[in-house]
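Paired with chain B in one complex and with chain C in the other, chain A is shared by the two complexes that follow.
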Partner chain A sequence: MYIRKERIDRGVKARTEDLFALASGWDLLYLLAPRLLPILVLLLLTVTVGPYWQKVLISTAVFALLAISWDFLVAAGMVSLGQALFFGMGAYLTGILNHYFHWPIWLTIPVSTVLGGALCTFILLPVLRLRGIYFSMITLVLPLMLVRIIEATKIFGGTEGISGLASYPGRWLELYLGLAAAWAALFAFRRLLNADYGLILKGISDNDRSVMSAGINIYWYKAQALFLAGSVGAFAGAFMTHSYMFVGMPVFALDYSILPIAAAVVGGMGTMAGPLLGAFILVPLSEVLRGLGGLRIVIYALSLTVFIVALPEGLFHYIQRKYQQFERKVKVDYE
Partner chain B sequence: MLLQVKHLMVFYENALALNDFSLEVQAGEIVAVIGSNSAGKTTLMNTISGLIQDIQIKEKRKGGERLTILGEVWLNREDISSARPEQRVQKGIVLCRERHPIFPESDVLENLHIAGYLRRRQEVRETVDFVFGLFPNLAGHKNQKAGFLSGGEQQMLTIGMALVVRPVLLLLDEPLLGLSPAMQTKLLAAIKTIRRETGVTILISEQFARPILPMIDRGYVIENGMLTMSGNSKELMENPEVVSAYFGV
Partner chain C sequence: MSAPILTVARLAKRFGGVQAVDDISFLVQPGELLGIIGPNGSGKTTLVNLISGFIRPDSGTVRYRDREITGCMPYKISQLGLARTFQMVRPFYHLPAFKNMIIPLASPRVKQLSGGKYGDRDAVAKDLLEEVGFERDSAVINKPAGALPHGYLKRLELAKCLALRPDLIILDELFSGLSLAEVAGILPIIEKLKTEGKTILMIEHRLRELFRIADRVIVLNFGQKIADGRPEQVMQGDEVRKAYLGTEGEG
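For the complex of A and B:
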């Protein structure tokens, strides 16, 4: 006699296409709670914490956006090591539009979002044919190159950057805009990946030749994915620039490339929600550790390692599984 | 008794892939496990070779399917149920996985050298010569990238790579998959030669019963993870159920 643990799906998962078969209010709650609860908790947090932690929340939302955009690119088979490229592109565009052309904030952000995404896609077009490490290397190098160009040619304020940019009409608007953007990106990308369009992108990542065999131009779809992810990254940059009222060379810093990846790995890749969760753990953690001086990086790195070794699937996958399935012991008839 | 598999039971999460499966292989025999798709042949081969432990660990780590493995595998009266895959290879169990998993970016000779890395140079040289004698097609392409070989040639290379490790018990998982009847005949002749020349014991899993049954010593029929029949070559070929299920008449 041997006892084995059996995993069983909770009933509500039964569905056809987009229709859920809901039997009761509990079923409805089962579906809504994981989507609404984080939002409610967050809203509660925004009104209870002070201005300093509100700023932290804003920068968390920015990193969450970058992490979601990274995760989306990975789903389409492109491992970017240069989210800073998207971020910096959006940041500089909005700075230029605001400083030199005196465009108002409600115009600079949307324009630099779209234009930033388009520019990044255009720059990366030649690399789309490269797979794996080659794409990653180019994305890693490009932001570092752009910094040096700005430094050498002294354009857009050179090493000084551009300061005195327009700020938001109020700090509440700023805070809620950032959080709303993160959640909008989360739900939109999750929806997109679950649709047939998302399946094509996942297919390209899994086996691009099979996707080609279906008569699909994979480079066109990769370019689209790049544009979407680039736009989200550019939005994060534009949003942050108006928050700081300054744009300078640090926007191309490695932090904006590495931290989103760490967030995605801690939270769980491929879910969009995982990277968001990861950002909401790592960014505040990094702030809490700020008082420790040099030890900060050590503890930060250690906790990151522990996370990845102990839970390589990522926190979100783990929570999701525990939520969607329960376990029971069954006997195996075995001599 | 070279190999004894006792009451194997393997669950992929809640699905039962092997159900109380037992088999025995004597030294020097060619034994076949015949079964259709999803009967549990590959799971059986992976369990004997220990590869299933690796699958189990990887799945557990990424939070995927949980594998439950019960039962025992004995080699030469030694219980190797908990031995790791590489330890089992050292004891002489070498698995030739299905769908010819070669190293596509390396050439034929390099593939064989990778497989024989832990063997002495002289041994490897001898076996490589033997493999090239066995499969003249491979010898003609020895400096060609393995990824550009035909399916049949890749299958030959996979068997060659297993031979370079110098197995005592060679496990062949669906060696005839995707091969033309003419190529199947060639390959089976080569398998017979391998037994004759090296004395290695061979356990084949296969769904093509018609070409396999005449050349084996004994066979087992597996369905839905369960043992349904066993016997020697003649008994199985004359069994009406085997004939109707696998000979298509």
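For the complex of A and C:
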């Protein structure tokens, strides 16, 4: 007699995104729990931690937005190495509108979001035709180039940046705005990717010539995807700028390009939820390690490596699999 | 004679030192089934890419009905009703076979043809897949395309092309890599398309099967058109025999 392990899918009649197709209350709970539980835990956190960790939560939300935006672009076949471009664009736009034009915060953020997304799309339009590494390289270089332009021409405060920008009317508004935005981006992008629109984007990433052959203008779709992802990144920048009440050259820093990718890899690419989860691990982790001085980067890099080696599929996929299946040991009789 | 549906005039394309397509001209009449044959590397696929907009010609023009399409983007050309399949199959590997169909079915052309409404696309997708030989309601259509055997991928390629409801269909070696039985399964589909009035350009290596259904055959060799005529005539020409069988003493 032997013991064998087997893996069984949990019996939810319709494991669908559409809640209305469900039969029983248990099925409903089964589907809703993983969606609502994180939100509840987070809400609980916001009211229990002090102002310092509230700031960390805000910064986590910012990186989560950048990571979700990155993941969405990947779904459409564009690997961006320059999330800092979107971030910095939104940050500078909001700074300029607030400082030079004295626009209030409730105008600067939405306008910078849309305008930032549009500007980034416009800048990247010529390289939309490039595939693979070429697109990535351009996105990597652009933010670094913009920094040098600001430095050389001394526009928008030059190396000093612009300080004294408007801040949020309250700490709670700021915190919940950031978190709500991250979750809104998560659900909106997931919905979009599950619709026909997302199917076309996935098709482009799989085989763009085949999509073209199907009579679909892939450049138009790619530009739209870029605009949406760019807007989310620009929002993150604008949001963060009013939190710091300052904008300067660091907003184009490599951190804003690389950390979102790390978050997506740790959390699991292709789901939007994975990158969000990744951000909620990596950003607080980096805070905890802050006390360690020089060793911080070493430990940070080590834990990143361990994550990637141990769970190459990403944490979210792992959890999702465990949630949807269970393993059990069964006795097997051989004669 | 009616106006040609496709006019290829003095088309040429060079890749580095290779003249892949060399001054090729021909007409295709509506409803015609035109075969294009030629040894490997004779420029057949390049010709298809030039017509469907995936490659820009160095010189020459392509007209579809009364419209010049030289240098148009591929999606524009597909939208006009000129659809093609790829010799090297190009499915969406990560999507189920059946979702593969939704992409062409979501194209502006299909929407326009169905009067602004898409209708029950899932049903249409299944109908089309069944038409090309997928078993309806089997697990196969829900498998990722990447897991499908070659024969199914070729049929999926055809179904994706048909989803656009094209008037002119270009099939680039649809039969390559298929078994005799599989070819026998697809031939009637092509004959049916022909009776429905579709114009078909068929690039083929399987001459026996092609000659059974083709109205006319063009032979390419080293990028040049060396023969154009009825299937049984074409193979009589000296040049064609030489291209296909080689000349004596050179073996």
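Rule of thumb we're sticking to: the second predicted complex is superposed on the first by the 312 of 335 C-alpha atoms of A that agree within 3 Å, B and C clash if a C-alpha of one lies under 4 Å from a C-alpha of the other, contacts with A are read in each partner's own complex, and residues count from 1 in each chain.
To be clear about the criterion, contacts are C-beta pairs under 8 Å (C-beta built on N, C-alpha and C of every residue); 3 or more make two chains touch, one makes a residue touch a chain.
Since this is a predicted model, take the numbers as computed values, not measurements.
In the superposition on chain A, A:218 makes contact with chain C only, while chain B stays out of contact range. Contacts of A:202 after superposition: chain C is touched, whereas chain B is not reached.
In the superposition on chain A, A:79 makes contact with neither chain B nor chain C. In the overlay built on the shared chain, the residue A:321 is in contact with chain B alone; chain C does not reach it. In the superposition on chain A, no contact is made by A:258 with either chain B or chain C. Shared-chain residue A:210: touches chain C; no touch with chain B. Contacts of A:140 after superposition: neither chain B nor chain C is touched. Of all residues in chain A, only 2, 4-8, 312-313, 317-318, 321, 332, 334-335 touch chain B in the complex they form.
Here chain C touches chain A in the complex through residues 52, 54, 73-75, 78-79, 83-84, 86, 90-95, 99, 102-104, 106-110, 160-161, 163-164, going by the rule given at the top.
Per the touch definition, chain B reaches chain A in the complex via residues 7, 9, 11, 13-14, 20, 61-63, 66, 68, 70. On the chain A side of its complex with chain C, the touching residues are 196, 199-200, 202-203, 206-207, 209-218.
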